[in-house]
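This is the structure, below, for whatever I ask next.
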Amino acid sequence: MENGERIWTVYLAGEIHSDWRERIAAGITGAGLPVVLTSPVTDHAASDDCGVTILGLEQDKFWHDHKGAGVNAVRTYTLLREADIVVVRFGEKYRQWNAAFDAGYASALGKPVITQHDTEFDHALKEVDAAARATARTPAQVAAVLRYVITGELPG
Amino acid sequence: MENGERIWTVYLAGEIHSDWRERIAAGITGAGLPVVLTSPVTDHAASDDCGVTILGLEQDKFWHDHKGAGVNAVRTYTLLREADIVVVRFGEKYRQWNAAFDAGYASALGKPVITQHDTEFDHALKEVDAAARATARTPAQVAAVLRYVITGELPG
Amino acid sequence: MENGERIWTVYLAGEIHSDWRERIAAGITGAGLPVVLTSPVTDHAASDDCGVTILGLEQDKFWHDHKGAGVNAVRTYTLLREADIVVVRFGEKYRQWNAAFDAGYASALGKPVITQHDTEFDHALKEVDAAARATARTPAQVAAVLRYVITGELPG
Amino acid sequence: MENGERIWTVYLAGEIHSDWRERIAAGITGAGLPVVLTSPVTDHAASDDCGVTILGLEQDKFWHDHKGAGVNAVRTYTLLREADIVVVRFGEKYRQWNAAFDAGYASALGKPVITQHDTEFDHALKEVDAAARATARTPAQVAAVLRYVITGELPG
Amino acid sequence: MENGERIWTVYLAGEIHSDWRERIAAGITGAGLPVVLTSPVTDHAASDDCGVTILGLEQDKFWHDHKGAGVNAVRTYTLLREADIVVVRFGEKYRQWNAAFDAGYASALGKPVITQHDTEFDHALKEVDAAARATARTPAQVAAVLRYVITGELPG
Amino acid sequence: MENGERIWTVYLAGEIHSDWRERIAAGITGAGLPVVLTSPVTDHAASDDCGVTILGLEQDKFWHDHKGAGVNAVRTYTLLREADIVVVRFGEKYRQWNAAFDAGYASALGKPVITQHDTEFDHALKEVDAAARATARTPAQVAAVLRYVITGELPG
Amino acid sequence: MENGERIWTVYLAGEIHSDWRERIAAGITGAGLPVVLTSPVTDHAASDDCGVTILGLEQDKFWHDHKGAGVNAVRTYTLLREADIVVVRFGEKYRQWNAAFDAGYASALGKPVITQHDTEFDHALKEVDAAARATARTPAQVAAVLRYVITGELPG
Amino acid sequence: MENGERIWTVYLAGEIHSDWRERIAAGITGAGLPVVLTSPVTDHAASDDCGVTILGLEQDKFWHDHKGAGVNAVRTYTLLREADIVVVRFGEKYRQWNAAFDAGYASALGKPVITQHDTEFDHALKEVDAAARATARTPAQVAAVLRYVITGELPG
């Protein structure tokens, strides 16, 4: 039997405003890797409003957010806890504290973390990167790391 | 591969005197969700008498109950421990201390807990609800939370 | 060196409306046991209102309770987690779901649990008692169990 | 024996550019609480340069930062792991991803987390706040939560 | 989906000199239960000599036994650790300290333990039985407990 | 500071019918070792009857034993869990399944176990000895192992 | 159902310069065992250069190695953590500290470890062998241990 | 209260043939740091012969070593498990597989590891260094890291 038959589960944490997950997925499909990608709900409006839409409106915005965060957490920590590898991307927009929170959470669980971000954030992310096993600059690099990790093959 | 292929295991703890489990199951079937529902034995008489029926009668009611609780525990904690999500319902009847016990047990294991109960119990259940990720009022809301958690889709 | 020099930490969970903690404390003092007793905040009004008093008022009673439960949890789970032994009492009044929750939480952590309640609750508490190492009927019995556990001495 | 004799260890994570730690310390001293406060090294320059100063210069800024983050991690995760309570403050300046990372790390370890930040960050911090037991707006509120948690006393 | 689809793994620890495992297996087959039974190697001679047969002879009987125990442990603790339920039988012959050892090992892992032995050993096994969820007298009772735990059905 | 200042906690599990604990204690005192010895209650009659004496008589001997085992367990697993080292002695009399149970329990927790027994039991105890770090023949050897482990000094 | 249906996962740690993995694989295939073998990437050049090839060149050899070790760790600790059994071989060449590191890592996780090496290394590997369940001299012996562990059958 | 009052426990693993531990101790004493240093027994002859000297001679060198390794393990893993920080030094002589084993063991427990070795071993130790938080070249650097970690002060 071969290693390749193993299914690897990779949780893609972090920003939900660009197509980085699709780009990693494309790299994985292109390489034919046995990977299941998991993620938070990436529909921004649904993610923000899921709590009050299902469980009832709140007058106070803090509790509106709190309810939504609770419902999303049922998904995110279940998927994060069962992942083999956690990839955390930091993009241009927003403060993305939840991405850093997820990186800390994964790190405390002993999960291998791969970060992906531009060099401009290197200093601000130094503690997060130091807890990661690898720091990539592009989704293509993340896909290449996953390919090597799973198959032992390098690009080119 | 898609998230939807994952099988989610949901343990339904708590009262065994109303049809709330069936109503959640109907919601899950209606939405076509990949969920396995698990639960304690819901036949009240069997649950009460399993210990003495299988392992021999007891004169003392305390040990009658103790034997039954031991046998049921083999099932309940095995299923609770392997669940992704634990739903705990508090209904109208009985004291339901076992439901609260299960919620505490699940919480200590780091399982996401969803409670379901009427508003009249809100104050009495404040510690339990505070340890939960979401508090629903109806089985339909529980099903809707599970649908969103698994598929990202909201009602309506 | 003797066993007696060890300090035992005992968390007294459950109802805050009778003097059962004081009665256990008196038994411990009388026997000269090296025990530190810990407990939730037992001032009922303070326990209910701590969240909003410190962190700001809430219009909605659910969030009023939620805030208070969160603040109390900082204390209770810290003390419960460090306890050697957890005693859980179920009294006459209120639903006491938090007591059962604490018993489940302690049980999942592998803590030895001692329950204390009247026989009228035996059937309703059978799962909780089955997870406990001992069931006492009076605070004096709890104190006697602690005395034996620590010193090996029996009453009388 | 009284609860008050217990020493509580509180880790103060997050920004190192304002006097919030001193303000919490003042509140603790004022109330005479048995608390040991721990924290990362709060000398910004030392924190940035500790790696290369002790272990040798690096040409590449990424590894300069990496070395420093490694050395600081020896301190921070040791102190964070032994803390009873973790307070995480988010201030005005910088991206503070390390604060969010610490909150995630503490949360995965089951530590009670208290966040402290202005309302303007409520939406961005909703996942972090939802994982916390309490969200305070000022250092004085943090000190008041600690006072209540340890002594059961409320302000005023 | 039904609970019945779950495969339950049951480790049968203890004596290897009677047909008790076959009798439990017969009960399981008769009831059509979805159970995988696991066990140590039950060929007594192979179990005693596996170490030296594979890895080389020993002059000293202590190390002969030690080598064999090491090789058997690779199997037994792997299977015991993944079991949902551990059944430990104490029979007539030999001292069976390994059965009691396995019960202690399983208990510390939080596995539900079922003991099976005659009443003559009740006093000697009181600590082991107190750590178990159920004590059966016959293999048929063990099978009946498993049937109830998995299907909720009682005998008769 | 020196290693010698560390207090080592050693749990002495197993038979309560000979003076082996006193002999180890004498060896420790003679060598001036910083050791706290802990043990189950060694008064055989008290150990057997503690449950019913404190918590009420039982008609059925099984539950008489069960109650006592529960009360003793509050002591034994608390002390065993906090021990640095667990010594388990197997003597001439009785079946001593609780000693083997304790060895399995300690082993699953990752505690270093030292066994002490005559060579006649070597074959029957091969699994227990294989899980131990050392097998001694006399209490004096156990004391010598502890002396070396703590001080680095060998006999003679 | 039979034990034989279980798939055993065996991680083969250690040297990547001889054909020992192939020889174990041949033994497994010959015996028809249900085993999945996993391993680090065994292409020495790829293993050394994976970090810089995918994530960018480094001037400093230390960081060149560091990057590669990080990427390889994503694979190795994921596979090692999920293995049932870890085999660690020490060969003739190189210092093989990573093999010993893997053995320590596996040991701390409670994995059964099998070492394989020539007698010339016995003294140097005494701590590693003492933490292992078995020490084999040849890949054929490793395969024989696996065959016995899985099927109960001995050679010859 | 100040951080400085905390006692830090640092385990010094690895070679026992040079004075590196004394040099670190001198640095700690010079800086007045609140550190307890722990270590294996560093008397090489005692460490090799402790098993047979205390527990009886062995004819076979393998078991001579095995007995000694078992006795030493009682000390080393107890001290390593309770350490806040683990320092592992690799020197010139011998193969030092036990040092690498200890590094792997500490790493799996989530302990912060500091390695110390010359640059000539960088490539061979790349996996070990990648699992460490810092790599020092001299005992003085180790002492300087400890000083900064504990006091926040940098050299010079």
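Here the chain labels run A, B, C, D, E, F, G and H in written order, and each chain numbers its own residues starting at 1.
Just so we're on the same page, a contact is a pair of C-beta atoms (placed from the backbone, for glycine too) under 8 Å apart; a residue touches a chain by one contact, two chains touch by 3 or more.
Please read these numbers as outputs of a predicted model, since none were measured by experiment.
A.B. asks: How would you label the chain G and chain H contact, same or different, if same means the shared numbers make up over half of all numbers there?
C.D. replies: Looking at both copies, the contact residues mostly coincide.
A.B. asks: What rotation angle takes the CA atoms of chain A onto those of chain G? Round to the nearest 5 degrees.
C.D. replies: An angle of 90 degrees brings one copy onto the other.
A.B. asks: Compare the contact pairs of C-D with each of G-H, C-F or A-C and report the one sharing over half of them by residue number.
C.D. replies: C-F
A.B. asks: Per the centroid of Cα atoms for each chain, what is the distance between chain F and chain G, given in Å?
C.D. replies: Distance between chain centres: 37 Å.
A.B. asks: Quick check: how many Å separate the C-alpha centres of chain B and chain F?
C.D. replies: Roughly 41 Å separates the two chain centres.
A.B. asks: For chain D versus chain F, what separation do you get between their C-alpha means, in angstrom?
C.D. replies: The computed centroid separation for chain D versus chain F comes out at 42 Å.
A.B. asks: Can you compute the centre-to-centre distance for chain E and chain F, using the mean CA position of each chain? Integer Å is fine.
C.D. replies: So the centre of chain E lies 25 Å away from the centre of chain F.
A.B. asks: Return the residues of chain G touching two or more other chains; collapse runs of consecutive numbers into ranges.
C.D. replies: 70, 73, 110, 135
A.B. asks: Considering the complex alone, what residue numbers of chain B touch chain C?
C.D. replies: 61-62, 65-66, 68-70, 72-73, 90, 94-109, 119, 121-131, 135
A.B. asks: Touching chain C in the complex: which residues of chain A?
C.D. replies: Result: residues 58-60, 63 of chain A touch chain C.
A.B. asks: Taking the complex as given, what residues does chain E use to touch chain B?
C.D. replies: Of all residues in chain E, those touching chain B are 1, 3, 5-6, 8, 84-85, 110, 112, 114, 132-137, 141, 144-145, 148-150, 152-156.
A.B. asks: Which bits of chain B are touching chain E when the two form their complex?
C.D. replies: Touch residues, chain B against chain E: 35-39, 41-43, 46, 49-51, 53-56, 67, 70-71, 73-75, 77-79, 81.
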